[in-house]
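Every chain is named by a letter (A, B, C and D) in the order it is written, and numbering of its residues begins at 1.
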Amino acid sequence: MALVLLPLLFNGQFILFMATQALVMMLVAIGLNLLTGYAGQVSIGHGALVGLGAYTTALLMKDLQWSFWLSALAGIFVACGTGLIMALPALRLSTWYFALVTLTFAQVVTDLLVEWRSLTHGFSGVVGIPAPSLNGHILSPVQVYLTLVVCVVLVFLATRQLVNSRFGRGMVAARDNPLAASASGVSLWRIKLLAFAMSAGIAGLAGAFYAVQKTVITPEDFSTDFSIFFLLCIVVGGQGKLLGPVVGTLAFFLLPELLGPLQSWRLLIYGVLLLILMLFAPQGLMGLPFFKRWQKRVIVDVDIQFDSAISLKPVKNLDLTIKDLHKHFDGVKALQGCSLFVKAGRIHALIGPNGSGKTTTLNAISGFIRPDSGQVMIGTTDVSSLSPYQVAQHGVGRTFQTPKLLGDMSVLDNVRLGGFMNEHATAFEVVLNLPRVRSDDLASKVQALELLKFVGLSSRAEELAGELPHGQQRLVEIARALAGRPALLLLDEPAAGLSMSELDRLAELIEAISKHGTAVLIVEHHLGLIARISQSVTVFDRGQVLAEGSVKEVFKNPEVARAYMGREGTGDSM
Amino acid sequence: MYSAKELETSDTLMFFDILVSGLTAGSLYCLVAVSFNILYQPTKVFNFAQGDLVMLGSMGSALLLTQWNWPWWVALLAVMVAVGVLTLVEEWMAVAPVLSRHSHGTGWIITTLAVAMIISNVVGKVWGVEPIVVPAPLPLSNDMLNLEGINISSYQIALILLTLALVFGVDWLYHSLWGKAALAVAEDRDAALLRGIDPAAISRWSFAFGGAFAALTGYLASPVLSASTTLGGILLLKGFAAAAIGGLGSTRGALAAGYMLGVAEAACSVWLSPGYHNTVILILVLSVLLVRPGGLVSSLEARTV
Amino acid sequence: MNMLLNVQDLHVGYGHVAVIQGISINIPEGGFVAIVGSNGSGKSTLLRALSGLLKPTAGSIVFGGLLISGETPSKIVRSGLLHVAEGRRLFKNQSVKDNLDLGLWGLRLSTVEVAARYDRVYSLFPVLHERRDVRAGILSGGQQQMLALGQALMQQPRLLMLDEPSLGLAPAIIDQLFDAVVSLRQEGTTILLVEQMVERALQIADTAYVMQNGLIIGKGPAAELQGSELVRNAYLGSFEDTH
Amino acid sequence: MRKSSSKKSFSAGLTRRHILSSGLYASSFLWGLESAFAQKSDTIKIGSARALTGLVASSFAPLYVGVKIAVDEINAGGGILGRPIEIIEADDESSPAKEPAVIRKLLDSGVQAILGPVGSSHTLSAVSTTTSSKIIHAGGGWTEELANGIKYPYQYQFTYNTSHQGDAVAKHIVENLKIKKVGILQENSAFGESGGAATIRSLKKYGIEPVGVETYQVTAIDLKVYLTKLRSAGAEALVLWNSPAQGILLTASGMQALRWFPALLGGNSMFSNAVLDSASPEILKYASGTLLKTMTFTASEPVGARQIAHAKKVLTFPEAKAWEINAAISPFYDFLHLLKLVVNEEKRFDSERIKKAFDSTLNYDGMIGRISFTPENHSALTGDQMVMATLSSGRDPRSMNVFRERA
């Protein structure tokens, strides 16, 4: 608190002016961090969004005598709306093309700010923008500064809310591990759009303040360098870290003043410092061990007694039916008419030699590949044409051959990601921290802890998932899949790389899971495990069903033995 | 002051004027894009300092030519080597360390930006904004030879032809064993390792080569644009756009995209107020990328959401 | 008989997981050794360690008298140890010819010698010659495997390590492939074959090691191991004893 | 958990506050120090907003030579109110966006008047701050907007503006060249726009409509298309409005390439050495740029002795190199001298009194010409004090690299 009041202690306008400007920039950076730091979309066009906000506000206030507050609101909407028009198509592109589009968009905006003279007064820009006033009383620079402080704090809290909510987890997942994200029912496109809308709106708000504090704005204010500045701020501060943009912006505003006499070499010094920083603190200032000390860690205080009946109960009980699935990869036949059926509450194993199409089948079920023909029925709905996140929302949870966890996230948050679609609070509610958010938050936390307890890892809930040993990562991934309370659980070689003890644990877990009505389809090489837990088995060979039945029957079948020992060739690879 | 013949400019002639100036500009955009790609190919790094490298090439050669009166080919060779080495240093100091440990892989954005800052400031201290006029190397000249009323200078012809030659040259280079190795690294680093290819070495060479190519681009640009410290900025963005539209890493794509941009711009300059040029380019970029998410010549890493 | 490859008490792992926990292997000059074992038993990891893609955490690898453990992959390739990875790992966007060219990386050869090597590969796999200009990506599985093999042969390795060459191939193709491998062996190339198709592997190899959970659980003349209980357990898992 | 985490961030607050405050103190110390000086020291502090870094730093540097000369002269002559002038510089990094901050910085360091920055858009963005803080300000911008004494009562334009240039251009075209077909080529910038507009207005006075007006992107790399259009429109005189010399060079090479040589007229950026060195004789033959009358000579009437003496001083400054003209016509030289005159008469340094005195200035004999202000019109000069001068005379020894021959 004392920190924000500090600038008021100095006589003279300069420090105050700079502090105000720093806050405006900070606002933008906080927003951009949401998009670039968390959702992983690099925007080189945010300067233009600020410009839109600034111009809207300035013009409404000056030419239409609107009040600042109303104009600012309009500014937010214009920035957000225009930004979305650009983002809707652009977000479908890969990161770098997105960067290019935002860059060009920024130039278009600045050009039009000139071109649309009748409205924007061309090059000379908007001069003499009045100061905001509150019921008749005109705010002094100090009051403007304090208003801005309040705004920054509110925005910061709002973003913190969002980042710590399911949406934040979804964004990070979309950034670091799209597969895991969509397998948990997160729509990559929507989550990125949300991030963009938020950051654009915040940029608009910042623009409003930019206009009134500078009192004159011209198109030149919103150049490409202006946009890149924010990128620098968040990377220097540490992107994907809540305080990153704050620290980064402050660094950029303090440094030049500290340089003092070296002024004329300033930019050169920036360059060198940036280089050094990136080489020795790639995670930005907030990534420095010094700051790590007080970075937010999940604290687990609630000691819950585990009631499996609740957390393990699928949303509803459904069977899986696959009919005559075909899939080709250029020239290679991966699946040639596979069919299988898994009843709710049963464990069904899918085995076969390498490359017989087992994983392909799992991918086809969970929507990561679209079969050429055939049906995948979850209960009575055919999901074969849906995208992964939709399939997940139809109650399909899965794990991957190599665990796809979010290494920089706590184990607990990894599991909570899995519960994404079972939380109900909208982003709007989250930002305002309405009651439903807290109930959601608690529910998902409790559930996640229960599941961790269930897989025997509640003691490690706070640790970063990346720091867990392999075997435990598998268990965490299973917990994540369960967090969605799926009707169907797909396990892809869960036993690989597990120790004997971990193996037993796994077996018990899977049996417990199925007992509560979840249908489990497990692909596994470890036949011991299969024999122990699965009620029925399907054997694949070269993308076709070789045998089906109970474990005993199947293993008696000489065909199977032969396929395994490989006297015959096996199915097409993938 | 002018003859009646020169006065008659029908639409067709205007069309050719557009084409000529479009192809001229396009050639430069394409060359920048190609120099981008050469670095990008094995490292997947966009060198934000590329524009400044081009500028160094142009200013450097301009000085050697006008102040020290070196023969053009010596000057060219000198700047290509110098800038090549500089880029190698950049790779060694700013890129390799960042790539060796990836922090969400965006570290290099900042380091290359930093290098750009450093170069442009040092240059700003050495040279002012006063541009240096560079004559076309003899026997070429910038004078228009009015062929059937089509206005084109011998240097423009040379530039366009040379660009084609260079593009196909680079393309051919990627069919040499070294080029194939570079592509191999781009496609599958581990697999390349198993064949005894050292990706680090490949990317070092690519940087040196890309830098030299940027210098060459700068040299070729200066007779048209006249060498100045602002030259880099002018070409960087268009080059970036051309590279992306053409499909990252694709040389021929860059060629097509470069000419596309150049001609589109020239057309705009006739029919549209300059304020709308970028709008046209944005629409161009979006429509191309939405139809072909990997760019015109779809390259390996055309991944989309 | 002098050993071309000598592995002593090798430990390898990814991060926290120790995949290979101390194994020793010997391959004589001109020998044909098979390593069999079910998936996840650590076979591929072993090869990745031998070819330098993974740094061993302990133990030594001596190849042709030189200590190569910890060397860079390119150095190891130069010394004549070549690893044809599981799933071929071809450069799918480049033509068959280009892929073969890449096999020559780092060699200084006379055009005559180069031509000779092409002839050798093409005579071994005529189909590669027919399709030399098509993208490797659109070759059939078998042809891709042949190309991978051919690419390795361009280097004329002293030791050729094949990881799951039969993976996802039809029987006829596999026969063809294994015949080729056998003929290579007869020409004097030392071969280390990692196969999950035990029977076939044991038919053509002369010595075999059986791996399970990152350990060598058995070793012996291939012929003897055929159909042995040991191998059977290594594959169908010891699921009897979990009952 | 909320509790414990908040406690964490609080302790965090402590550390962070520590770091930052120390930073802020350090920085504030500098300014605190200076403002402290402002009270005690017995100098007249004049703030100078200028680009020390960035794109225009080197090209605008010459205009500040005028400041140095004036300060030397004034301090040698006993300063203002017996106190020497002290110039406080602040860097705007060549970006107009920075001006409001820069001006505040200067105000905080206790300056009593402000000069600079150079550049129309730079000055426009600075003037809003100087106006609101009622401090006497001599900007370095050339748009007519800045001549408006009602809008900016404390800012004075001690230089020509685009309307003067427009008048000079039109007058020359009509009365000397006797050309009726005029084409205008302007860059897409504040300067280009106002220059073009002024020319059109001035031509109207002679009842002439330009045959064509073309605008090009500042980043354009080829102007031939525009030139072709103007030529086919039948233009016999080409008026060129752009700030960076790049544009002139592109135009020159374009005309050269098209072998089209109309009379070429433009602002004083035409006098760039790069143009003189590169443009072909055919172009130079009819090429002229706007220049202040006091800085020109004819066969019959040489340059005034005072100007020559001034030029000699200018030539001693390395930063004036290649742009001696801009150094010689710096707005700040006359500003400082007039300021001294006024303040010494008033016997005290008071913005309101200075303003009153400035507003009633009539025909003050300045280096750049006869300077007059009214409360409404804060432009120092009148159209007739601006003339066209030939580029080629840059090689004439009489020019001393500073003056040019009247066209």
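Going forward, a residue touches a chain if its C-beta (ideal position, glycine included) is under 8 Å from a C-beta of that chain, and two chains touch if they have at least 3 such contacts.
All figures in this text were calculated on a predicted structure; none of them were measured in a lab.
Participant: Starting from the Cα centroid of chain B, hunt down the chain whose centroid lies farthest away.
Facilitator: C
Participant: Once you count every C-beta pair in contact for both, which comes out on top, A-B or A-C?
Facilitator: Spelling it out, more C-beta pairs touch across A-B than across the other pair.
Participant: Which integer distance in Å separates the CA centroid of chain C from that of chain D?
Facilitator: 76
Participant: Could you work out how far the Cα centre of chain A sits from that of chain B, in whole Å?
Facilitator: Chain A and chain B have C-alpha centres separated by 36 Å.
Participant: Just how far, in Å, is the C-alpha centre of chain C from the one of chain A?
Facilitator: Averaging C-alpha atoms per chain gives centres 41 Å apart.
Participant: Using mean C-alpha positions as chain centres, tell me how far chain B is from chain C in Å, no decimals.
Facilitator: 44
Participant: Tell me, which residues of chain A touch at least two other chains?
Facilitator: Touching at least two other chains: 114, 267.
Participant: In chain D, what residues contact two or more other chains?
Facilitator: 53-54, 188
Participant: Could you list each pair of chains that touch one another?
Facilitator: Here the touching chain pairs work out to A-B, A-C, A-D, B-C, B-D.
Participant: Which of the residues in chain B end up touching chain C in this complex?
Facilitator: 175, 177, 180-181, 183-184, 187-188, 190-191, 193-198, 300
Participant: Would you tell me which residues of chain D are touching chain A in their complex?
Facilitator: 1, 4-5, 8-9, 11-13, 15-17, 20-21, 23-24, 26-28, 30-32, 35, 52-54, 91, 93, 95-97, 100-101, 104-105, 107-108, 121, 124-125, 128-129, 132, 143, 145, 188-190, 193
Participant: Which residues of chain A touch chain D once you look at their complex with the stated criterion?
Facilitator: Residues of chain A touching chain D: 2-3, 6-7, 10-15, 17-18, 21, 114, 122-125, 127-128, 214-216, 218, 220-221, 226, 247, 250, 254, 257-258, 260, 263-264, 266-267, 294, 296, 298-301.
Participant: Can you tell me which positions in chain C touch chain B when the two form their complex?
Facilitator: Counting only chain C, the residues touching chain B are 51-53, 72-74, 76-78, 82-85, 89-94, 98, 101-106, 151, 155.
Participant: Which residues of chain D touch chain B in their complex?
Facilitator: 53-59, 188, 215-217, 219-222, 224-226, 228-229, 231-232, 234, 236, 244-246, 249-250, 253, 256-262, 272-274, 277-278, 322
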